[in-house]
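Okay, so chain A shows up in both of these, paired with chain B first and chain C after.
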Partner chain A sequence: MSSSSIRRTCALARKEFLHILRDARSLGMAIAIPMLMLLLFGYALTLDVDNVPMVVWDQSDTQLSRDFISRFHGSRYFSVRGYARTYREVEREIDSGFALVALVVPRDFASRVEAGRPAQVQMIVDGSDSNTATIAMGYADVVSLTFSQDVAIRWMQSVGGPSFAPPLEVRPRVWFNADMESRNYIVPGLTAVIMMVISALLTSLTVAREWERGTMEQLISTPVKGYELVLGKLAPYFAVGMFDMLLAVLMGKFLFHVPLRGDAVLLFAIAAVFLAGILSMGMLVSILMKSQLLASQIAMVLTFLPSFLLSGFVYPISNMAKPVQWISYAVPARYFVALMRAIYLKGTGLELLAGEIALLVVFGAIMLALANARFKKKLT
Partner chain B sequence: MAETSDDKAVVVRDLVRRFGSFVAVNRVSFEVRRGEIFGFLGPNGAGKSTTIRMLCGILRPSEGAGSVAGFDIRTQTEQIKSRIGYMSQRFSLYEDLTVEENINFYSGIYRIAPDRKRERKEWVLRMAGLADHRNSRTSVLSGGWKQRLALGCAILHEPSIIFLDEPTSGVDPMSRRRFWNLIYELAGRGVTVFVTTHYMDEAEYCDRIGLMYRGKLIATGTPEDLKHRFMREEVLEVGCERFQDALGEIEKLPGVREVAVFGRGLHVVAEDGETVAAEIRTLLAEKGFCSAHVEKIVPTLEDVFVSLIEAQDREESAEAEVRR
Partner chain C sequence: MFERIREMLVKEFIQVLRDPRLRFVVFLMPVVQLVVFGYAVSTDVRDVATAVYDLDNSVTSRELVARFVGSGYFHVAEHVVTEDRARELLDRSEVRVVLRMNKGFGDDLLRGRTATLQLLLDGTDSNTAGIALDYAAKITQQFSRDVLLERFRRLRGAAREPGWVELESRAWFNENLESRNFFVPGIIAMLVMLATLLLTSMSVVREKEIGTMEQIMVTPITPGEFILGKTVPFATIAFIDVILITVVGVFWFGVPIRGSLLLLFGATAVYLMTTLGVGLWISTISRTQQQAMMSTFFFYFPAILLSGFIFPVANMPRVVQWLTWLNPLRHFLVIVRGIFLKGVGPDILWPQLLILAVMGVCMLSLAAARFRKTLA
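Coming up: the complex of A and B.
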């Protein structure tokens, strides 16, 4: 690129930057929307099932049954919200959504346990949210199992047996997201998704706007070159996008307390590659459509759904049907989400991530080349 | 191109532009000499803008050939673009930028040498009368200011040919006059000016004009030339009271081609002026139109244009008749 080309590109970049500064709407879109999305999704979107609201009908009403119930209440997974006296009451609490599960302890609970005979307790679960229901049932199983184990040990000790230990015990140790906080997993992915949606939207307007306002006709009558125009227009949005990225990382750190284990420089370098590709894609859409409305809608469709559904951000790609998995290879957010998580949660370095980074570079190069090739200094 | 000699700024041969089945420009040929003010005159939709866009290298011709500043309008459009200034119909300035920012932008695009940048900017500001408004947003400027600023931005790089597409539409009369003074100034320095307009009075300011109608160039020449050469009929000016009523009566006279209201009187087009003038005088006296006067005048460009357009329409309907 010659020095004179750089001058033209700079003139375009400066002009475009002034447009962004002067237009409150685009400035708001560039900065407020990503922050709003991060706040909204960061707080609302949690995959943890904690404090499942529970209603209890304790027919036994004994020391033992109260002990059993307190095992639920004492865990972080359940929270006893009320007591029922009849099935009608239980039904009402679940129907109204006041409780998600109901625990019914039968009248003969204590007597059977103390006699060493098997006792049954009833668990009623609202299955309309199947995911939460499954997890809650799993928790309930564990709570009951530990209780039975304790009862068994106490019983053996009372009959004078040797001190007893269960034959097998799993001691889990979680790596990478030791607290099993789903937020630590969601925020890095969310940042990737927001970057994709916002940046494509930003550039999708820029070329179309000039066609609509008639300024493009003037611009194409000058000796400006296509690549100077594409690069000049990309530059300010690239700066805005990187600023968004910085905001997102800072919010992740100070607001959501998501630890960043990996190299921050690597993180931003990868974000820059990803951003350049997505901005070029938005620009390509703008060049092809020549209409702001159409271009912004297409940019939304191209980025929002794929990045939410096919990037592995919420739904694991490995659980998807094979054809859908293949499609997901064409979604650049897939690589960026994976890279963000690897760097955030595992602290993985460049050597293990090179393959995915290379794919992002290829994507960016293709988009930039296409935008450059499709921009014609002609009217039709 | 072989025809292009050094004194020709624009040469066009059989230029055609179609949009689908619509022929916007139909086999147009003409030449513009260096340093000339050449006016393209015609109603809206006549193909003036389409022609100018092809000359500026931003629209591909469907057929035909042409050159601007010695470069081919089909294959050497980028060379053309660095040698011309183009001002499109809507003064395409960036409304959210200030006057100075617009100038700075175009001086970056045209790569004005750093040592000349300041001088050129001051020149544009002075020329447009915007020195006191350099920090105003372009959107708040009046039409005349926008027009002069757009012209300034288009000629920052001192091109040898400038193309102005309806530069004076929507601009007040004072600004129009000022604008034409600028155009004369540029032409005086040897710049070729190619301008389109649908104002007849502006056409009189041009060295030569081309009349465009329905995609065809129906006449070219100096304004004087057109008035005398192309006007086969004669024009009579009729002044009288209640001239609207008189119009209906005069139209019925034999030998009258056309009657039109012109100012506070009528223009009557007739093949034999002397005879018809006498007839009109008799008629007006008979019908009691007081203080009437009838005299033969030099036709205005508007008369010429209307006469040429009607001849064209007659020809086309005759052709259509034959084809049927």
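Coming up: the complex of A and C.
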């Protein structure tokens, strides 16, 4: 690039920067939205289930049944909110959402257990929230199995047998996220989503805005070349995006204590590559649509949806239907989330990640080239 | 007056429907999003990729592994023979769980000692890991109890056995616990909010930005008529979206709809009052479309996250739970899920409907009042 070319690009970057600074509110929000989302995800949002509200219908009302029920009440997983006496009551509690789970203990509970037969306890779960329901059912299974095992041991002791320890001991060890904090899982991926959405949204408006206001015609009449305009417009948003990234990493470290095991320099370098690609994509949308309303809607769909759903950020890609898994290969956020997680939680280095990084570089290059190619300095 | 409103509506409809790209975005995008959501979103945990590191290779250890496989929750991807290979598989996320039994596992169990099963879990996805751990606990507890009874039987030869509890769980409303049934009704709420918020706020501000607002103000149209003209078209579009999404959700994905359709539309109308009100209010505080868009998302993203759409409200800290009462999306989600999955009616849903109605009226009046002031 010649020196006058560089000068023109810098002038455009400066102009764009001034535009951004003048619209303080948008700039403020471009920083506040990521911070808000980080705070929410860090403190308020979790799939971990505790204190599932439960209603109990104890038809047996014996010492043994009360003992059984107290196993649920005493655990942190369930919280008994009420006792029902009829089926109608149970129905109503679940319908209204007052309880998510109902435990029905049959009348012959104690007599059957004492006679050496199985007692059939029924558990009704509100299945609307399938994730919570699955987890609640899992907890309940463990509670009742532990109870059965204790009954067996007590019985064996009572008939004069030796006391047996439980024969099988399970030692679980969790790798990469030993506290199983969903936060450690989500925060690295969250930075990807935030960056993608905010940056693309901002750049999606910028060219379209000039067309709508009529200032594009003025720009076209100047000696500014197409690629100088594109690059000049990208520069300030790149700065904003990297700043957002820095904030996110700092908040992750100091506020949420998410451990960063890998190399921070590598982290930011990858972020820069990803950001360049995403901004170019937003710019491309803006160039093609020429209408701010349209550009923002399309940018939303192209960025929010894939980066939230298909990147593995919240929902594991391996749980999805096969065709959708193939589609996710085309989503750049997928690679970025994987890279972020690898660097944060596993401390992986450049050698193992080179393949995915290369893909991001290719994506960035293609988007930038397209944006440049499609921007025409014409009035139609 | 009605003529002016009609003219305004016609103009607005023409503007929205004239651009084929906008038509596509407004009508087709929701369906596309629904399809993607429907197939992509799943918290169901099945066939967890597992590696088996069995140094014992006895009848007993193989039986335990068979139980894991037989449960349907775990799927053995590989039998590994070295620790390094197990690590490698976990590192590469090719497996999420490693079952490890040391030499002497079967022997320990046979001789009445305690045997150890080591479970290595990839904790990055803590939700799936937690669920997998629960499944594993269930299987091992059952196995442990069986071994215990077997030992006892051999020792005492007793004909009697201790009793146990058989827990039979049944899920109501969503018998197969498909997460799709949980999400699809919520998508209606989410997409309707986005469409109305964005379209309303940006289209009003657009007039300001381009300069056509001044032209409109010169006409005899009153602010109230202007507001009606701007909100009714988008409300109509929203209703069409609701119908589209419901049809695709029910006939393509098989999401049940057990409640009354009339109630669904009625509740949507009340919900729309709140979203249109917010959209209008945003338009009064924004000078440019960019501001309108950023303000919309500043409201929209937290609204989605704090509504119970993905993350249950009950899991949130108390203070945050109270905050969600102000979120119209949260209440509409309860209504929508109630209508689709539970088949309940106004007798159960009236609190949510009331709150939405009050919010809607307040929001619209506030926005309209502010609108009049800023125009004058």
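Keep this in mind: the second predicted complex is superposed on the first by the 337 of 380 C-alpha atoms of A that agree within 3 Å, B and C clash if a C-alpha of one lies under 4 Å from a C-alpha of the other, contacts with A are read in each partner's own complex, and residues count from 1 in each chain.
Just so it is clear, contacts are C-beta pairs under 8 Å (C-beta built on N, C-alpha and C of every residue); 3 or more make two chains touch, one makes a residue touch a chain.
Since we're looking at a predicted model, the values are computed, not measured.
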Superposition on chain A - do chain B and chain C clash or fit: fit
Between chain B and chain C, whom does A:R213 touch in the aligned arrangement: first, second, both, or neither? both
Looking at the overlay, what does A:S4 touch: chain B (first), chain C (second), both, or neither? first
Have a look and say if chain B or chain C is in touch with more residues of chain A. C
Regarding the shared-chain residue A:M29, is it in contact with chain B (first), chain C (second), both, or neither? second
First (chain B), second (chain C), both or neither touched by A:F254: neither
Determine, under the contact definition given at the top, whether A:K378 touches first (chain B), second (chain C), both, or neither. first
Touched partner set for A:M300, first chain B, second chain C, both or neither: second
Just to confirm the value: shortest Cα separation between chain B and chain C in the superposed three-chain model, in whole Å. 12
Share the list of chain A residues that count as touching for chain B in one structure and for chain C in the other. 23, 213
So in the complex, which bits of chain B are touching chain A? 53, 56-60, 77-78, 81-82, 84, 86-90, 92-97, 101, 104-111, 154
What part of chain A is in contact with chain B in the complex they form? 4, 7-8, 10-12, 14-15, 18-19, 22-23, 213-215, 217-224, 377-379
Which residues of chain A touch chain C in their complex? 23, 25-26, 29-30, 32-33, 36-37, 40-41, 43-51, 53, 68, 94-97, 112-135, 137-142, 144-149, 151-156, 159, 161-162, 164-182, 184-185, 197, 201-202, 205, 209, 212-213, 289, 291-294, 296-298, 300-301, 305, 309-310, 314-316, 318-321, 323-324, 328, 341, 345-346, 348
Counting only contacts in the complex, chain C reaches chain A at residues 19, 21-22, 25-26, 29, 32-33, 36-37, 39-45, 49, 90-91, 109, 112, 114-131, 133-138, 140-145, 147-149, 151-152, 155-156, 158, 160-175, 177-179, 181-182, 194, 198-199, 202-203, 206, 209-210, 288-291, 293-295, 297-298, 301-302, 305-306, 310-312, 314-317, 320, 334, 337, 341-342, 344, 348
